[in-house]
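Note sheet for the following structure.
Going in written order, the chains are labelled A, B, C and D, and every chain counts its residues from 1.
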Amino acid sequence: MSSRIEILNDGGFRSDGRRQYELREMTFDMAEQAGADGSASVAHGLTQVRVSVFGPREAKMRSQTIHDRANINVEVGIAPFSTGDRRKRSKGDKRILEFASTIKSTFEPVIQTALYPRSQIDIFVHVLQQDGGVLQACINATTLALANAGVPLLDFVCAVTGGVHAAAPMLDLTTLEENDLPHVTVAVMPRTGRVTLVSMETRLHVDRFEEILRLAGQAGGVIHKEMRAVVRERTKGLVDAMGAGVRTSDFAEDAMVADS
Amino acid sequence: MRPPSPSIPEKEFLFSTLEKSLRLDGRGLIEMRPLELTFGEELGHVDCTLGKTRVLAQVDAKMVRPLPERPFEGIISVHSEISPMASPEYESTGRPSDEEVALSRMLDKVIRRSDAVDREALCILAGQRVWHLRLTIHCLSDAGNLLDCACMAGMVALRHFRRPDVEVIGDEVTVHPPSSRAPVPLSLHHTPFSLTFALFAPSSSHTNISSQTAPITLLDPSLLEQRLASGTLSLALNAQRELCVVHKAGGVPLTPEEVLSAVNIAVQKAKELEKMVDARVREDWAMKKIEVR
Amino acid sequence: MQITFTSFPSQSGLRSAYASATKHATEDDEDAYMDVEPFDDFESDSSRLTCPGETLTSAQSFMRGHGTYVDNDDVISSVAGTVERVNKLITVRALRTRYNPEVGDLVIGRITEVQPRRWKVDANSRQDAVLMLSSVNLPGGVQRRKLESDELQMRNFFEEGDLLVAEVQAFFSDGAMSLHTRSLKYGKLRNGQLVTVPPILVRRLKSHFFSLPSGVDLILGLNGYIWVSKHVKESEREGEEGFDAEAVYSNRNDDIDDATRTAIARVTNIIRILAAHSVPLTDVVLLEAYEWAVEQDADVKGLLQEDVSDALVAAVTSG
Amino acid sequence: MSVVLPGELVPAQHVNLKLGPGLQQEAASQVTATRAGILEHSANNSRWWVESNSRRYVPAPQEPVVGVITGRLGEGWRVDIGSAHNASLDALAFEGASRRNRPNLKVGSLIYARVSLAHKDMEPELECFDAQTRKAEGFGELKGGFLVRCSLRMSRNLLDPNHFLLPLLGSRFPLDAAVGVNGRVWISAKEPKQTIAAARCIEGADPDGGGMDQLALKMFLDSLDF
């Protein structure tokens, strides 16, 4: 059915009016969620994901502790109403388990786990709406939630999806496009420009793959700028609010003592 | 009781040898362990060994009613399970282990999502009768890189398998036993091979993963290499230079060039594997004298 | 080649203050946030902000502290927060993080587990703290010898869910903290309620115990746990000699009259409001806020309304 | 040479009969095999045992083993020696160890130790010195080198002074080795290549692996580059 819709028309527009390299609107929301140590909501177009981070904290199960670093636990929930066909996925669904394990192994080397021996960091991912690029949204939201929780990270991890339509590469696919096109999700660490995650499940020629990989790497940089701006804005907001409260001489003195 | 993680001397020795581009079993960095395929009595039964890693794959087909939403397509199902017999690493607990999830998802992607088998060719009578192929993967022993071995076994089993010939006259389906008409091979679009690279962070500081120098990449990791690696890159591709699966989650970050160079190595390996698998399957078919006429 | 984005109208009106819905960004954009100014004018700008992965300075001339790591001779930030420098040491302080304990800190915690000769205490840190049986005051005074019977009745002193105030005594090799309550100021908490705030809002003060008028006592735990309770008169506190185990480890609240209950609720709400606006909590600020609230004669519940709480914050911060 | 299977009666008789691994006395003078293997006995027929090969180590007192530290256990460590249960190693069971001065072992360290207690109902215990003389006698932490895992038979062979392998390797390059009868051999040579060659030779000569004899192994060793 979807093949009836033109993916990329002669004028160079996609089905939702975007150009080939145009990303959808991104919304990064770092407002606090009561109870969580850090949380973030991310939307790429109509795809929407919320992530809460708890920890580092005492491990719930002692058998899960690792003597020299923190254990990372990722749980993914996909809301039944997130797709067109309302379907409840069980917790043991292999696809969801793989998804969680992908997020876990992506962040394991990025979080400085060695600073927190025997602790646990819980990452709860909730997919609220799906319209393509779910993995990309989950990775970006997890990065922001971890930054929000003050968990030390080596770098941001910024993910984006790329696809190819008849030799024409495009970025940030919707579900409609994902169903029809081979697509790759790439996550980059912007400081070094290296890719930490590459995930592809559809058939694609090696030469096309190369093109997309490079393109997605660049797009990751663009997303990074946006994410960084949001983190900075939030940090600045908190610093300003705290600065406003500092006026009693008594406190200032104490703050100096504490800082030195 | 799970065996403990490798000791410090093992870890340090492995890292020091890798810096010198040596491997403990004498292989080159991008050399695979010898692959051996042993075919069973029946068609579609293969025992695949990669060094000491061993996987048994078996295919059978039966006639079923197609799924209502796909009346013109046959059904393919893949069953895989890592039992504790493969290695003391695996325990039989309720929830599937990470390895098990990774394996069954990889098999699903390599065999089903990549469209390896022509499903429409499995249709006998539209909406009425189709072939249901069942591929069962038994992991007998894990000495490292079980993933590639299992995918290889599964694909070879599908290549080796032949289904009985059928004849459709009107609404009547006649199945010819192998004794009267030679069974027909499955129609495969392509044969993807899974190739896994283990990645090791360069230099002695293994905590610092974002260093500038290139990481050490090696193909077909052994058990020890796999356990000590800081990340893996799994590719599945066919001899026609088409990638079907790329899976790299975390681990050492790579530059796009490093990813592509691994892909290029894999392209070469896939071509060699294709040649070898093709020859072995034909050889076995010839030996079994399947053709009746 | 340009990578651009957005095609839907932004709905930022619906989103919270920190949401961003940027309309357009291209690769050629001036990088407005790329303030990689030389480190020299760093002193002038005392609150430089940074994000994970940002290079701060060269590792050859500076030392890395908390919140940073070194890669290829660069000191790089690993958290989002403010950069601080003490001589050659560079640290980045994250604005939202779990409590980072130091010896001598006053904390409030909740018992999570009773183990042989020790309690596990949740104190909002990266691991549960440990309170050894030998680190608490036991009935019979300081000189009294440990008895095996104490081990058997540990739940008579503290059991799961009990709140307590304690001091950080030392650290174990794995970084877990050990607490002690060997002072009459410390011990089990009764007659009040707990408020939690981000730990960064509680700074080290001369004293973390203080009383507000209208009979409310406050204990500001450095781990962000704050105890608001009924005032206990100086004379009624258990003296050194008359250590009354029954009273110290009692699980029953005293009688609390309605006026005091209201006062406790009011203080609690004030703390919640100030924390939501990231106002650092000190005795001065709290006292001022409390007086303002009483002056306005706002009812306890009404404080939480947005206009009232904004006015409260404005009154307290404008000075 | 006679092969016995589990359940077979063994003609072992002596006034002072001592039964080794794989044999069990059922009735007064009936000895049966519990393991498949080759029945062996001492020259004077007093000691009998079944020579077999397996990979699972069952601890027996006084045997040297190579273990991996898996965790702390009170005043000592928990050690994996490949047996059904982890062994324990006391911090004081080292040469020159005292309450103040204890060896610095980390999780993952390798040790060469002797089984001091092996009882079917108790955790095995290890010691890294001779309990009488309190001297190390070669036991202690193994630093550097590499750990080779082999069958139990192979490790027993390596301990046999008449076996060809270690002298053969020693004639080619200097080599340190610590052989544990639990199927673990620690080797250390100057060059990583030599260590790899030694590891591959042990695997090649293992009756449960390559199964090469002296001649084949010599050729194999010559084909390696070290």
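Worth pointing out:
Going forward, contacts are C-beta pairs under 8 Å (C-beta built on N, C-alpha and C of every residue); 3 or more make two chains touch, one makes a residue touch a chain.
None of the values given here were measured: they were computed from a predicted structure.
If each chain is reduced to the average of its C-alpha atoms, the one that sits nearest the average of all protein C-alpha atoms is A.
Here A-C and A-B were compared by C-beta pairs in contact; the pair with more is A-C. Centroids built from CA atoms put subunit D at 56 Å from subunit C.
Separating the centre of subunit B from that of subunit C, both taken as means of CA atoms, is a distance of 53 Å.
Centroids of subunit A and subunit B (each the mean of its C-alpha atoms) stand 30 Å apart.
Residues of subunit D in contact with two or more other chains: none.
Residues of subunit B found to touch two or more other chains are 210, 212.
Residue positions 69, 71 of subunit C are each in touch with at least two other chains. The residues of subunit B lying in touch with subunit A in their complex are 95-96, 98, 101-102, 104-105, 108-109, 113-115, 207, 209-210, 212, 230-231, 233, 237, 241-256, 259-260, 263-264, 267. The residues of subunit D lying in touch with subunit B in their complex are 68-70, 80, 84, 86, 106, 108-110, 142-147, 186, 192-193, 195-196, 199-200, 224.
Within the complex formed with subunit D, the subunit B residues making contact are 1, 3-13, 16-17, 20, 22, 24-26. Contact residues on subunit A toward subunit C in their complex (touch as defined above): 16-19, 21-32, 37-38, 45, 55-58, 67, 70, 112, 116-119, 147-156, 171-172, 189-191, 218-219, 221-222, 225-226, 228-239, 241-248, 250-251, 254-255, 257-260. Considering their complex, residues 1-8, 10, 15-22, 25, 27, 29, 31-33, 47, 49, 51-55, 67, 69, 71, 76, 78-82, 84, 86, 94-98, 112, 120, 122, 126-128, 174-176, 200-201, 203-206, 274, 277-280, 282-285, 316-317, 319 of subunit C touch subunit A.
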